[in-house]
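One structure is given below, represented as structure tokens, and several questions about it will come after.
Just so it is clear, A, B and C label the chains in written order, and each chain counts residues from 1 on its own.
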Amino acid sequence: MQPNKQIIMRRTLNRPACIAVLCLTAFCAAAAAGDKVCFESREDASRVVQKDLGDGLKNVKCSDKTGAVLWWGDPYDGTQPMGDMPIEANYSHGEAVVKPRTEQLNLYPICGVACHNGTFPPPVEADTPPRKLTMHRDIVPDSLNLQHGRGAIWCLDCHDAKTRNKFVDNEGHLIDFNQPQKLCGKCHGQVYRRWRDGIHGKRIGEWATTGKKRWFVCTECHNPHDVQHGERNSGFARLEPEAPPILPKGMDNADAERMGH
Amino acid sequence: MTEHKPSTTPDEGAAAPDSISRRGFVKGVGGVSATSLLGTAALMTHSDKAEANTEWAEWFQGNYRLMTQEEKDEAVARLERRYSAEYDKKVTVDSTPAKKGVLFGYALNIQKCIGCRRCAKACVKENNQSRGDQEIEWIRVLRMEKGDFEASKMSDGYPDSYGIQVGGNAYSAAGVVLEGESYYEPDKVPEDDAFYMPIACMQCEKPPCVKVCPVRTTYREPDGIVVVDYNWCIGCRMCIGACPYWARRFNWGKPKLPKEDMNPKTHYLGNRPRMKGVVEKCTFCIQRTRKGRYPACVEVCPVGARKFGNLLDPDSEVRKVLAQKKVFRLKAELNTYPKFFYFMD
Amino acid sequence: MKKLASFVVDYWAYVFKGGPKFYAWLGFLGLFVLAWLYGNVMQWTQGMIVTGLTDQVSWGLYLANFVFLVGVAAGAVTVVFPAYVYKHKGLHDVTVLGEMLAISAVIMCILFVLNHMGRPDRLWHMIPFIGIYNFPGSMLAWDVIVLVGYLILNAVGGFYYLYKKYMHEPLNNAFYLPIVFIAIVWAPSIHTVTAFLIGTMPARPMWHVGMMPIRFITTAFAAGPALIIIVFTIVRNNTKFQVSDEAIDMLAQIIVWCLGIALFLTMSEIVTELYHPTEHSLGLEYLMFGHNGLNALVPWFWFSTVTMIGSFILLLIPGIRKDKKKLPYICAVLFLGIWVEKGMGLMIPGSIPTPIGEYAQYFPTTIEIFNSLGNWAIGFIILTLLLKGAIGILLGEVKYATE
């Protein structure tokens, strides 16, 4: 799969119309062709192209006002099996699928091969001051002052130093980008347990305990690189709301409800 | 792209003679004799001939709950024909009954809700409500104040000779109160000083709306969903008066539903297009939930505040919420026993 | 059968023998009926979108008139009760006129209900056995029974009485008296059930009070006799039928008593709700003082309060109460005041704010007003015609040919 993506990337790099490095290929092509592109969770990190599934059914319906996906025709479109998840008592054994995160990440195809090429960086002295990242500045606003963990965590606590397109846990096991919950859950255990119970986070599909569900993984909603986002913590940015309902007859405006009570 | 051919169905209205039940006979005779004038008048308002033919038989149908399976199939077939012709696409009207061992429940996390209103809009995308200037939304999101107490207000109280009787910080709303705002329009949600609480039909176990309906057109189905038989409703609006959660809406005029916005997968008791003069409300997306899928509002919530499942299954997410979180019911003092719970993290 | 046929023929022949004033009055009412026809066609074809009703305020002018007219219909018992229980001679002579008023009022109620329903073409769904009749669960089902029953009682009782008078035969009291006494008990019950219709909904705290039935009855027994006094005054001044002074005096006394109790109930409601206003008091506060600039109902509330208190004080004075020239005008003002108190003062603010706290306003549209005025006009036409025939029989001008 990776080689094809590389070829596509090189081809698009030659097209001046598309700023290829920063523009996800599939979505760029779709937007150029006039198809509607909406976002499921985080606006820049969960895009989906609207298409017909046949029989007049669309895969998603989106909001005209905010561009957010409002409705899924097929909740499992574009998903793959979640893979294993540590089992505890009471955990339901329904079929679980996720939408691969890797398809939403611009640099993923070249992560492991372009810069560090599967090797460790040259050894660094322990008291060497950290330097600003020359790449990834669009992803990590302030790498010198990473707010995730308030200075107690840095890049290589989560990203594997050698295989940059994988995460790593404290024992050195590699974690796929499509299973971020295994990484996040190592510190955020309570949230992880509630997510596994279905109380935290989001699942779509069948409501039965044994039903098939598409699970929304952590990074679909939370951005670990930008947890403050200037407005609200937990890595959850504020959203543009949808339009209010129409005023009833007999009311010209909603001023009365906005005055003091 | 869209199909014009309606689904193939048995002959319209041509029930085999020995399948006419006694009730059907009495109903037919009584209906014709008592109300033929009104029926004729109803016909006169429809210019399209095909529509007029289907309307005649539809007008005489009985209450859905009391229909035999054949009558239900006939009614469904009539509706599929009518809707498919009206909306230029293949419309299915499902009539899946309630499943045994299922009691639907809903839990909403008001700690998480950010008031984005996507649930209200997703519901509209799924459930074929009227649009435009006759827009209907089944979900209403209320914005409430978090509570604003200031030292500067301390001297604003209502004094009497022996001290302050009503403090200056009185009338500062804090928490869940009746006077929420519905028409808020900030640039971004959630706002710093507000929290949000969506309200829709609570699917009460003891629904006041069901009790007051003079023709029993709204009733509680075995799986706990309170439904409306739109073809039986007489539009008296007693139920709208009786609902303490303002969950029910009325079709004041002919609903305006554009063809391209119409969701063709419908259920007789759920999201099939309604007509003027009847009541409608949230049905927990009965067309989806009886086939095993989450309601549209649950799926769209971007913060995962909405949880749904089978209250009789101890492993379901909604039972887990009841077990692990502390829930409350809105207006619990009215003893309506809603199956829609609110909780906070 | 022949006698019955001739009764009907003679009755209606007499009704339509009228002078210019009579026909001018009917013509005037006919204008409203024309507007009513237009309004009803619009509402029938386009649906209730032509009204000012919304999901927030879904019970409006039609139901307000309905509730008021049920009271007026019940108020006819103020003629029957003293006549038959206390053997009041003056009222005994005019009982049948009260029954005619009751019939017209119930017909108006039915017209208003038909206007209020979203799907009047589906009315057959309420017929038992053919449709589904949710009795005893639904208060509306109870209301239909009591109203239809009251209409039948008054029609049977009234026309039986007239028929016997027409035939110059004595009444069969074994048949007639039970009807009268059942009607006496039935009359308060129609208004009690209507009060329960709104008072048994916990979702509407302004209505969900125990005193709703008694409040309805007292205002009904003030408004009903007020209209009856006006009608009797017109009858005295325009026909040969002399309604006695005692009849009108007794009715005026009933008004004073019932209006006094009604005002007492209003006062106690205000004190109870506003001493420490809760979220349940919001409807009353909106009605009396408005809310954040939404003041549409405030002038109506104060108008109805002033007229009711003013009429009460004036009617307390015997000199004014017995003055047959002033009394009808006071009654007219009182009738209007109670109508406003029921409509704008009770039915509309019951829905404001909505159960989840939204404040909305309701303004009836022209079509709604046309339909309402038309319903009243039809009621008054029926009342006029029935009264004319009844008076003809009571005067002896209409009687069976062989004598």
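One rule holds for everything that comes next: contacts are C-beta pairs under 8 Å (C-beta built on N, C-alpha and C of every residue); 3 or more make two chains touch, one makes a residue touch a chain.
Nothing here was measured: the structure is a model prediction, and the numbers come from that model.
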item: Most distant chain from subunit A by Cα centroid; value: C
item: Centrality ranking, top chain (CA atoms only); value: B
item: Approximate Å spacing (C-alpha centroids) for the pair subunit A, subunit B; value: 33
item: Between subunit C and subunit B, distance of the C-alpha-averaged centres to the nearest whole Å; value: 36
item: CA centroid of subunit A to CA centroid of subunit C, Å; value: 67
item: Multi-partner residues of subunit B (at least 2 other chains); value: 140, 177, 179, 182
item: Subunit C: positions in contact with at least two other chains; value: 53-56, 358
item: Subunit A: positions in contact with at least two other chains; value: 257
item: Of subunit A, residues touching subunit B in the complex; value: 41, 52, 55-57, 61, 63, 68-72, 75, 90, 92, 194, 197-209, 211, 216, 221, 231-232, 236, 238-247, 254, 257-258, 260-261
item: Residues of subunit C touching subunit B in the complex; value: 44-51, 53-56, 58-59, 116-127, 129-134, 137-141, 144, 197-198, 201-204, 279, 282, 351, 353-358
item: Of subunit C, residues touching subunit A in the complex; value: 52-57, 291-294, 358-363
item: Interfacial residue positions of subunit A with respect to subunit C in the complex; value: 248-251, 255-257, 259
item: Complex contacts: residues of subunit B adjacent to subunit C; value: 26-27, 30-31, 34-35, 38-39, 41-42, 45, 59, 62-63, 66, 134, 136, 140, 142, 177-180, 182, 199, 208, 211-217, 232-238, 240-246, 248-254, 276-279, 331, 334
